[in-house]
Amino acid sequence: MRFVDEYRSAADAGKLLAAIRHTLSRPWTLMEICGGQTHTLIKSGIDRMLPQTVTLVHGPGCPVCVTPMEMIDRALVIARRPEVVFTSFGDMLRVPGSETDLLTVKSEGGDVRMVYSPLDAVKLAEANPERQVVFFAVGFETTAPANAMAVWRARELGLENFSILCSHVLVPPAMEAILSSPVNRVQAFLAAGHVCAVMGYHEYEPIAERYRVPIVVTGFEPLDLLQGILMAVTALEEGRWGVENQYARSVTRAGLTPAQQRIAEVFEVVDRPWRGIGEIPASGLRLRPDFAAYDAERRFQVGGITARESPDCIAGEVLQGLKRPQQCPAFARTCTPEHPLGAPMVSSEGACAAYFAYGRA
Amino acid sequence: MSGEAIADLSAGPVCPVPKIEHDTVQLAHGGGGRLTQILIEGLFLDAFRNPALEALHDGAVLSLDGAFRDDTPAGAARLAFSTDSFVIRPLFFPGGNIGSLAVHGTVNDLAMCGARPLALSAAYIVEEGFPMDDLRRIVAAMQAAAQEAGVSIVTGDTKVVDRGKGDGVYVNTAGVGLVPAGVEISPTRARPGDKILVSGALAVHGIAIMSVREGLEFETVLETDSAALNGLVADVLAAAGDAVHVLRDPTRGGVASALNEIAASARLGVRIREAALPVWEDVRGACEILGFDPLYVANEGKCVVVVAPEGAPAALAAMRAHPLGREAVEIGEVVAGPAGRVVMESRIGGERVVDMLSGEQLPRIC
Amino acid sequence: MCLGVPGKVVSVEPDPLGMHMGKVSFGGITKEVCLAYTPEAEVGDYVVVHVGFSISVIDEEQAHEVFRYLKEMGELAELEVPQPGDASSDPQAGAA
């Protein structure tokens, strides 16, 4: 496959690894933000091929992992209603709420369906006027344009039976939260390539300046990650900070303007709680008043539901890169993909799931 | 086929093939009375014509004359016996249906024991209201599959359940086969150094099913790879004989699960190479956009062969000479340890563990 | 969070509501994709697709960057091969 296979070449990976080794003179700690990047790193074995002096900590870039548990509980209440067709991406179906998960609700008779795109949910609403179709709109900025378009289209079509349960989060505030933490060890970031394809990378320039860190916009294939790591390490060795773009074939500084426009039309920025981390100011999106009719929380009045986390799950520390999954006492013992205590073990992009599946110690 | 005999059929059916007058399956078709008889004769018997079945006893009695080479314990042939139930949705998919799948599935289970499949049973649990034409199509596909595999469907059963209490139709097949004297296929025979071969491209069946379910369009329709492998297996055993240690068909859970099971049973390790895995371009594309790993996607017409290194070239040649094994390749080998662990060398030279599938592989988010 | 897969645009269909769609091929399988956010995408272009939406048209020039860089790295490594007794890093002196 073009633009995929050539970025998986063993020979070129070897050269980049050699260059990284050649450049290093002292230990450095990097964080990759995106769960998809974590997935590639572990699946291709890069994390074990890097010199020991480079420490990669995995960031909170897994939207499934950071969705607050009360959102799951709200989803479950809505999904149980007989008139509702509850639609969602695959991963969210197994994340445990306080008592149960969407897949179990499905087995008990709830109409829970997996969709590939939010537009599929809109189509379902068009085709089933007597049902209420709800879409679980979870994601980072990468997914916001799709969700914005779905809501916009529902309004254009005059649909009264479509709504979204919105749990959108934004990356730059999360990065700042990590950098400003007194226990932060991260010295450079690999920024999420597809988030930046949508939003551009100008938002990261003030962050790089304020905290004096290199931020390298990085893609998702093995060669992308290796080149991103090389660029970050080179900047660190040379004492430079600022934003660089490894993923230039898909990312520009300004980003995807039509998408940003649609997002701004449909959503507004709000404070949001991140599961395991706590509330981060101005870190989420919610529907603007013009589109509030499409908010499932309002339509089904589930806003008051609060949740109870497992006391044994240390997701917050894992998501901030403070602990590795294997350092969790429950990892691979009481917490496994079959019986997850928290989201990072359920989501295929969660660090715990990746470690469990690909190379648990 | 139990229930009161309505007529003496020991000499074969005395009436011409009865015509089934209903468009949909009724509860009474499962009742054991006249309608059951009509369904059996008009549908199943008509499709699965063979003497053993036409005797219409509760079970089939099969002659094994000439099947045993000699009757000393060391040389005695053994009976292989297997069963499988099929609940696949959708019932009809490109290249097959629940019926053909059911025949291939049990024939393959027998073949993976090193057995020559002899005969199958077919049991149906049908939901009231199920279209009779659909049942006909399923049954016709089963007969075609059986014929191609060289087996007969010699006995069976039908039950009908209330509307809403079934999912259209469920099918169970069970089968018996003969394992020739001297053939010993089992994970316990695996040894470090054994080569691991697969008979062809991976993940075809699972993606063909997903494509129908998820509304993916293929430029050319992707059909299931569902097929009976007993011919291919016979060729491999003839070519490599004793060197063949393990056979496994990687159905649900894919090649990854099959290799994990073998490694666990053998208490040995397995190493495979990502670059060696045979996957068609369009199946890869589908896996990429769904976020699936081809290693975990079901196959219904492929087999994994674990063979001693001296037998590997002959086994591979035998597979490639067979229509179902043209793309056979070596993908890795058995190693001493860690026991039960399957490790894959990634395309870029790194390593990762290939674990058992937990739960179902759901298409990835974002 | 960002499963975006590159695919080739094989057809484009403008939509009256302005949400124009297209068919994108991923190694031979095609799927309908919303091209509204990359209105400049033409048949033959490669786009990155995320949950049914195109979020970027791949810049082929830039795509070769990492390989150009690797090639330069390879050439530089050759020039820097140290010669016996030669303590300087003058590339001219190093090249045979």
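Letters A, B and C mark the chains as written, and numbering starts fresh at 1 in each.
Going forward, contacts are C-beta pairs under 8 Å (C-beta built on N, C-alpha and C of every residue); 3 or more make two chains touch, one makes a residue touch a chain.
Since we're looking at a predicted model, the values are computed, not measured.
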Of all chains, the one whose CA centroid lies most distant from that of chain A is B
Per CA centroids, the chain at the heart of the structure shown is A
Larger contact count among A-B and A-C belongs to A-C
Expressed in whole Å, how far the mean CA point of chain B lies from that of chain C is 42
Chain-centre distance (mean CA atoms) for chain A and chain B, in whole Å, is 39
Between the Cα centroids of chain A and chain C the separation in whole angstrom comes to 23
Multi-chain contacts in chain A, i.e. residues touching at least two other chains, fall at 1, 4, 36, 63, 89, 116, 120, 139-140, 142-143, 223, 349
Multi-chain contacts in chain B, i.e. residues touching at least two other chains, fall at 281, 284-285, 288, 291, 364-366
Touching two or more other chains in chain C are residues 1-3, 5, 26-27, 50-51
Per the touch rule, the chain A residues reaching chain B in their complex are 1, 4, 8-10, 13-14, 36, 42-46, 48-49, 63-64, 89-94, 114, 116, 120, 138-140, 142-143, 222-223, 336-338, 347-349, 356-360
The answer for chain A against chain C in the complex is residues 1-4, 6-7, 12, 15-16, 19, 34-36, 61-63, 89, 116-120, 139-140, 142-143, 145-146, 149, 153, 156, 192-195, 197-198, 220, 223-224, 227, 246, 248-251, 256, 258-259, 262, 349
Chain B residues touching chain A in their complex are 214-215, 275, 281, 284-285, 288, 290-291, 346-353, 355, 358-359, 362-366
As the complex stands, chain C meets chain B at residues 1-3, 5, 7, 23, 25-32, 49-51
Per the touch rule above, chain C residues touching chain A in the complex are 1-6, 8, 17, 19, 26-27, 34, 36-39, 46, 48, 50-53, 55-56, 58-60, 62-63, 65-67, 69-70, 73-74
